[in-house]
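Both complexes shown next keep chain A, but they swap its partner, so chain B is in the first and chain C is in the second.
Up next is the complex of A and B:
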């Protein structure tokens, strides 16, 4: 029993440390043989997941509990009275993101076993893969601004190298270069914002910053730079160009983790906006007559506008795309739009004085956060199916695919599940979260939910087109000897499909047990501040 | 005024870097733009750490003189190390791109039909 307690106590550090250690042991293990290495990597990921689950169990046991983990000594102390050290903190939102990352990591490693089998240089592949997972967990768990930047860079370096893993294809290398340019610029923006905040408040810890923030002119600049830097990493519309290339050209197993990395950046934006700036967001910026123009309103409207653009452009580009994976990538852009739409709608209402508005805001946040989980699963499943089709046929263009349902029946079923889920059809999980988003945005402004529903229908149209052109249709002689993909890939897709159906059938279990603590963690930032500062 | 010059340099470096990233077609120039932004941000961090009449924080017979807090220096060092990794990765990708396309013009890369 004692060992379990110790494990939980040190779990935030272990969740990052185990994949990191595993990453650098992988090249050594692969000297023995390939099978050993694959088993080792799966073992590392499962070990990490077990610790995440232990920690989750601990967090959900007590309502509003925050687990802090301190690196470094208690001196020297700065003028503010806080020691200079790095803090990891885990609350409802962090553990929610960590659970998503866990699912993606397990599925990705299982899928890689067969999918990447014929490639060379797999020791480097798995090293980078584990590094990416470690970086993703680090971004999610850290409570320190600069540490967040460091993990962001670890993730972008590892994922860029993995996007360009198939260096024999010019387009893959091009996609990798695009990705690294955008993410390096975005990360430097974030560092600039962190430096502005540090210069004013002499602190890097998120909770300390949140307690000190006064909302000067410089803070305005820092907020804008921070949000735009994170938006670049999350692929929100004016900065989305890298995303279809990177998602479309990377190996499918890598794309799965990239989806998780994008969500982690989105988590960063949520954390910065709601926790660090939470108290000062309702500051009045300008007064016109009797009406106060508050910052949260301006930020919210701006984010909603960006979200609508993101949804629109994502869907429209997906309609005209012919490459299987790029098309799913544009659909992923649209899906990100739904989450930001919910966040923006929440921002406009949640700081208001009226009780009903606060309820709407909390509901929008609930929908948005629930959709983070559902989007990761749905889009992830579709990418895995696209990867399976590529594995079986070596073909990516939808014009040349057809009649695959005859030979690949399980893959077809998984695609059908993903298709229904991503376009928000009732028995699947996408419906549950999109319904909450529609309901809450309708109360903010009916037009928002009309556009959201319309684009969801268009998304269905896109995927029905794909389903028809790739899986149905006449038998094609060149695909006669196409076989169903190996068992490990089917297992990976099956795991995600089962979770999708489970969430679709019992959404209230997930919402009440996992999503609601995350929403509480975001909205109650005084609890966060007092708990984390108490831990310093 | 004299103390503001570093901040002006920071803004100038970041803007020149952004200009290079957005408007230049040559991949090497884009990489130079990113390193310019990086040096701008690093300079900003270092400038923040400056305090008049302070000395480096080394405990060796410094008496009671004011020491500057070394946190920004540590941040800058970390950021430089990360920058080197990113730079190396970008340049190695450029080598691969040049092998495939025999050009570094961004408008001619990745346009081929599949």
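Up next is the complex of A and C:
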């Protein structure tokens, strides 16, 4: 076995361990030199990213492969037959999410170099930043329910401190406080659901639970609590109100990772619904005449209703908002709505007996999962642009901005790319995923896709307003001295913009090579159970 | 392994398809046609003459810096028309963290009712 094979074998643990170790070493390296600390943090993130890429290569090499890593033994099951060992498992969905997290982490640290340069306490900033990245990877890679909760908490605590990093601004502290209250409440309910499941099945392993779950009354309660808790963490309306506060007040580099953390919560919801509860979702809850009312249908309709509300309220609030970052945050809420619209549509159809319905469900899932990637990139780029504008002008109010395209040409181009992408304009990446969502939801109910398309047009109107207010118009005398942002910030925005354009021009490559394996992973429950625990 | 021809493949969406490269070619052709039509426009147009001066129905022209439409004025008509909707949304977004948790409890309760009662 060569070193590469060794690295791949231990990669799930290393992906979390390296940023975790890096986080605790950062304050020590800060003592030597600030520049060395920055280089060290970038090195840690690049090293983690290289391991993610190695693992991705390994996962994608074999169709349906699941890489399991058991801590403290070779099998998750002990001699007594108890599945008590913690394990990480990486399938198509995990690695898809890990790739998104990798892009955000690399871009985030590059951006931070210049963006945070003027701040003090950067040893703490980078420590928390790496902790947040480690927590995000942990949430994505773990195959253990309690472990998921632990990483969720690590991420929440690090995020809270980073949201409130600009402590000289009272509103940042207020946003941090709100975030920790909401996060702790959500996490507490998730822990409650985990306890219910553990009490019934003596297991915390997701695959073991998936194989044993019977959908009793208690399982029903656990599902409700899990879905609600994760929905709040994902920022679904009407539990979204923390999101504009947190996204709006955190430094832009932190907001970028927060987008990833929110999506990790959405991943958690996907994993719980489709994997842990997957087989029992077609349980008949009641019968009215000849019609069976199945759990997946009820849950799907509920999620679709929340999704429409999320898209609609997100867009309307964004249209009204005049603070640059809060406006993007509301747009991000709307974008989350598109993902859960696809998930809800998939839930209503994928468990059906009809072949066409199953196809529609799989297509909706494909669109939803593809949109997770696109949303992270598009919204992430817009937040970085908002950060760049703040860096150059020290202004966040759109009412006080104007004519910046004359001073900040590259930033303007990046904003335009982000604007077109997030609004689902061709040929950007957002269009490809939204097109799949529109078509699949149209098969479920045409009204859904009509509302989704109309809201996407409103989203374009939102960003046209930003583009006009901040970048167009006559040159403002107060911005005469404004210059383009430093190169590291431009590089970070440029990386995301290039990926957006690549995905936009070649969506089929991305869908076939990384999205489809994620969809297969989530829909093939038996493969997951048999690969992870060998079919207990 | 990704082959060169993979880059030219069309994304199938079950009931339709999407190929950005074909779209790109069509857009370029459309731009060319637009450019040709533009070229056939008025030839007597001259820059920096009376023709290009701003005409505000006899009102004095403001300083350029003052002519920028502020963000809060951009969709003023839309906001006015949907005042009733926005007043409801504003009441919902109180900024009070207790209300955030209250919404969570409401959703939890609704989901309990839906899954429990049905």
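We take it that the second predicted complex is superposed on the first by the 524 of 536 C-alpha atoms of A that agree within 3 Å, B and C clash if a C-alpha of one lies under 4 Å from a C-alpha of the other, contacts with A are read in each partner's own complex, and residues count from 1 in each chain.
To be clear about the criterion, a contact is a pair of C-beta atoms (placed from the backbone, for glycine too) under 8 Å apart; a residue touches a chain by one contact, two chains touch by 3 or more.
Note that this is a predicted model, so its numbers are computed, not measured.
Among chain B and chain C, the chain that touches a larger number of residues in chain A is C.
When both complexes are overlaid on chain A, the residue A:225 reaches chain C alone and has no touch with chain B.
Within the superposed three-chain model, A:114 lies out of touch with both chain B and chain C [touch as defined at top]. Look at A:185: by the touch rule set out above, it reaches both chain B and chain C.
In the superposition on chain A, A:18 makes contact with neither chain B nor chain C. Once the two complexes are overlaid on the shared chain, A:444 sits clear of chain B and of chain C alike. In the superposition on chain A, contact of A:173 is made with chain B only, not with chain C. Touch criterion met: A:466 reaches chain C, while chain B stays clear of it.
By the touch criterion defined above, A:199 reaches chain B but does not reach chain C. When both complexes are aligned on chain A by C-alpha atoms, chain A residues 177, 181, 185, 245, 397 touch chain B in the first and chain C in the second.
Against chain B, the residues of chain A that register as touching in their complex are 78, 84, 146, 149-150, 153, 156-157, 160-161, 164, 167, 170-171, 173-177, 180-181, 184-185, 188, 191-192, 195, 198-199, 202, 204, 245, 323, 396-397. Of all residues in chain A, those touching chain C in their complex are 177-178, 181-182, 185-186, 189, 220-221, 223-225, 227-228, 231-232, 238-239, 241-242, 245, 285-286, 293, 295, 298-299, 302, 306, 313, 316-317, 319-320, 322, 359-360, 363, 397-399, 401-403, 426-427, 431-432, 435-436, 439-440, 442-443, 461, 465-466, 468-470, 473-477, 504-509, 511-513. Against chain A, in their complex, chain B makes its touches with residues 14, 18, 21, 27, 30, 34, 37-38, 40-41, 44-45, 48, 69, 71-72, 75, 78-79, 82, 85-86, 89-90, 93-94, 96-97, 100-101, 109-110, 112, 114.
Touching chain A in their complex are the following residues of chain C: 2, 6-7, 9-16, 18, 20-21, 23-24, 64-65, 67-72, 74-75, 78-79, 82, 85-86, 89, 92-93, 95, 97, 99-101, 103-104, 106-108, 111-112, 114-116, 118.
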